[in-house]
Amino acid sequence: MIKVILITGRSLDQGISKELGKFSKEYMEKVAICELDPEDLKTLGVSPGQNVKVKTKYGEVIIKAIESTQAPHKGIAFIPYGPWASILMPPATESTGMPSLKGVEATIEPATDEEILDPKKLIKMIVGREP
Amino acid sequence: MRTISNVVCPFCGSLCDDIEVDVEDNRIVKVRRGCAISVTKFTKYNEERIYKPRINGKEVSLEEAIDEAVKILANAKYPALYGWSSTSTEAINIGVEIAELIGGVMDNTASVCHGPTIIGEQDAGISTCTLGQVKNRADLIIYWGCNPVHAHPRHMARYSAASKGRFIKGRKERKVIVVDVRKTHTAKTADIFIQVKPNSDYELLTALRWAVKNGELEQEEISGIPAEKIEELADMLISCRFGALFFGLGLTMSAGKARNIEAAVALVRELNNYTKFVMMPMRGHFNVTGANEVMAWATGFPFAVDFSRGYPFYNPGDTTFVDVLTRGDCDAALIVASDPVSGFPAEAIRNLAKIPVITLDHHETLTTTISKVVIPTTVVGIETEGSAYRMDAVPLRLKKLVEPPPGIPSDEEVLKMILKKLKERVK
Amino acid sequence: MELLIKNGYVYDPINKIDGEKMDIAVKDGKIVESVSSSAKVIDATNMLVMPGGVDIHSHIAGSKVNSGRILRPEDHYKDVKPRTAITRAEVGHTVPSTYTIGYRYARLGYTTVIEAASPPLKTRHTHEELNDIPLIDKSCYLVLDNNWIVLDYLSQGEINKCAAFIAWILKALKGYAIKIVNPGGVELWGWGKNVESLDDQVPPFDITPREIIRGLCKVNKILNLPHTIHVHTNNLGKPGNYRTTIETMDAVGDLANGRPNIHITHVQFCGYAGYSWITLRSGAPEIAKYVNNHPHVTIDLGQIVFGEATTMTGDGPFQYILHNLTGNKWKNADVEAEGSAGIVPYKYRRKNMVNAIQWSIGLELALLIKDPWRLFLTTDHPNAGPFTEYPRVIAWLMSTKAREKTMEKINKRAKKRGVLASIDREYTFYEIAIITRAATAKALNLENKGHLGVGADADISIYNINPMEIDPSKEYKKVRRALKRAAYTIKGGEIIVKDGEIVKSFIGETFWVKPTMSKDLEREVLKEVSEKFKEYYTVSLENYVIGESELASSKPITVKTNF
């Protein structure tokens, strides 16, 4: 398991795939991911393409670990905007209206046998009922 | 087949207006000059399209859906109206009138994007300009906490680092500095990359201002950057002829939020004592700026406007949508051209799912799946014309390129129908 | 729809009516000779009747104004009014919302207002806001003096092409007149610099502010535009600047032919003598002397009112100076190839010597300039104060007692820095009608505004004050109160205000000019312009142009040019 700072943000693939639709295969492929620095991948003992569990004080989610092409950023994990990232986020906005979508402390551990939830299953998990 | 030129792209805040499309049989068959995201939007907007209004998942007529929406909004004690950044200014304007009529709270996506920038500006001001001013004059550009290669793909070529203007002829005549926590693809194109420690931008901005003002820093290292590097940077900033700081969510979302913006404003303001310097937020959605503009001219406030007193009231942290939801204060919601379920913290989403939600959108989103009423609308900038404001507040007119599917109204039309029926019920 | 306003005391200076008791007949939105017996009667017995007010310079719409709103949430909290069945919610004190602006002007009895400075690239925004200002008729001036294409043409001596370009831009962007703001200075502000005199160079254009003003004055003559060039001078707000103001007026004296050919705006801000803030004195006497002796000049006051204000001008460098002077938050927004805008909140304080002198200067100008037809009442809203304070300014002009009362409360040193205390002139209602309606309509060449002759638009204001019985000199408070809330405001023949309340709301007209031009000349100039656009701008020429359908209610005015 490693400790990281979580950054969420836009990526070209996230932008393209969301225009293809939030329930498309491409969206899940490009957004349910966690970009890790090659050194962090090594420490974690995970190969690119394998699933990991990312956990913060506020929630946890299974996504696919990939090797970052925007490294180095040891100790920082990047997850594109989307429902997988949002589950991990704190609701408190510190009187600004803005939840802390960057800079949240997280832990990452291998989860090679666990399944990435598709958006519908994610919603069910958050909301407690079928959408 | 016909070719339409000078098309305004309805995706991001760059609002590129030089796109060219070929239309054949009411379909866009070719897009020229658009970035990859733009091309996808123009050619794939019918993916996961919604063709019929729904109530509780069941298809109904437009009139039935509107009647249900009106009933929900009229009966709500504190309805919330959210989204707005991906539709026309005209539609948003109707939204304001609805929110005022029913005493609800209206917020747009700026509150989870550059809302902190606006809050910082309200405290400290800002020195900014339109994008052409940068293209023509800027010989030094900083990208701080933003990644245009990914989020505003044509920005650098059209408006900033690699643009060609009257006095600056291209990338070679500029110095480009990138400040970020990772070496992004944008950083890889820079002359200087500053890898700031996460959640430490406020300290670095302040240290930079100190170095600009006083030349030397007392500490050895700030925010992971050696003092000499900061001092060197300060010298560069002072000796440029026209500097431009583009900043993004790296500043608004990390620790400090609005205070980070104030620190950036103070730095740029200080730099104006030595040279010419401006800063500009990289606005995300293509009309989030328009949402701020129309809400401000109609209510005085650019986002998070509460009408429960009968007049506009603004208090970020209180009247912002994430907070309203997290507290469980609103008892109904109208979401227009936005997908908050995709991006909001879980607690907020949980509370949104508990109340009746009306969503206007053209395709399925996570928000439509939890909505009681879904009304499909046209795609602004492709099927419906309208006004939109670029990230630098330059207003442009989005074009209608093709006909929408039969029977599908625009956001503006639906909102007008809702407003009309509400006026019959609410005095 | 017929109206008959009976028995009022009418002040209609354009038709030389000075407090005559007479009836005004209205039919289908126009003033007519007479109406039938089925007309609705308004009993204006013992009341004052004037044409609706025409405000020639106010910042009411567009990017700069909205930036002011966004910058100052604190401005909005205490000045609010909940929505009613007829009116939208009202909010804002110095930078109110669009609806608030329309309602407040209507309550004052104003029916036509011009947005004083719209940057061409953002004029679409100006129109979108104008569309949302209810009741008043409106237009906007386009800021053109630091425009790169204009400067290219002027510096090359191509006056005709410059005129053709300006004819095109007024038509394309739906503007009314040529606005000039710190010519040359704002272009240099693109590099953080400014000009200090009319003969400074403006690189790389090889032109001076004097040449810009003269060039645009010549262009205005060629285009035969209904209004003169409208000028915010260089060195605004700088002690000693009254000299620049006189030089500016003098710069085009030889180009006049009997009629005014230059309007200097908010002259109070340009009327400073002395050489520093400590030695500040009023330069009003010198300016008044020049204006009195030179009929080619018109001015508006920019009178300050003590209290909150929001300064907002296209004078980027001046706004930066003001920020440094006050430490107040500052927004700057340059517009590519065209100009700039700056916003700084400000408060005018009675005990502040400089503010007290400023207050004095505006009034001195009004009282020393003899011809009320060349002088207009403004507060350069919201720079010197909100327009809702016009009645206060009127009271000061009509009553030495009102002025003395205020002078008792202001900084004592200010008294010696000006001549206000020595002036005992008091404006009459007739003169007030001139400087708030008749003269402004005339300066704008709006044939159907500012008067109550047959054929005029039925824009009428009726105030609950008896001009025959009241002594404005003593009872200035009554005057102020009556003018603040019209007994009736009528717009286009519709009663929109009754006893200071809005009783009807609709959208007025946005008027703009369409100068005639040969197709060949237009084509030739547009070819050059579209080439320049590619280099100078970040939008296409096609998207720069504003469609007429973008105006909620468009009223084009064809202007026959002198090409």
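For reference, chains read A, B and C in written order, and residue numbers begin at 1 within each chain.
To be clear about the criterion, a residue touches a chain if its C-beta (ideal position, glycine included) is under 8 Å from a C-beta of that chain, and two chains touch if they have at least 3 such contacts.
Note that the structure is a prediction, hence the values are computed from the model and not measured.
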item	value
Farthest chain relative to chain B (centres taken as mean CA coordinates)	C
Chain ID, smallest distance between chain and overall C-alpha centroids	B
Centroid distance [mean C-alpha coordinates] between chain C and chain A, Å	56
Mean-CA-position distance for chain B and chain A (Å)	22
Distance between chain centroids, defined by C-alpha means - chain B, chain C (Å)	34
Complex contact set, residues of chain B against chain A	11-12, 36-37, 40-41, 44-45, 47-48, 107, 111-112, 115-116, 119, 147, 149-151, 153, 181-185, 187-188, 195, 198-199, 249-250, 252-255, 257-258, 284, 303-304, 316-318, 320-323, 326, 339, 341-350, 353, 363-366, 369-370
Chain C residues within the chain B interface of the complex	61, 63, 65-66, 69-73, 75-77, 80-83, 85, 88-92, 95-99, 121-122, 124-125, 128-129, 132, 148, 190-192, 320, 323, 329-337, 340, 344, 535-540, 542-543, 547, 550
Interface residues, chain A side, partner chain B - complex	5, 7-12, 15-16, 19-24, 58-59, 68-73, 76, 78, 81-83, 85-87, 89-103, 119-120, 122-123, 126-129, 131
Residue ranges of chain B touching chain C (in the complex, touch as defined)	5-6, 8, 17-18, 89, 93, 97, 100-101, 118, 121-133, 135-137, 158-159, 164-166, 241-242, 269, 272, 275-276, 278, 292-294, 296-302, 307, 309-314, 387, 389, 393-397, 427
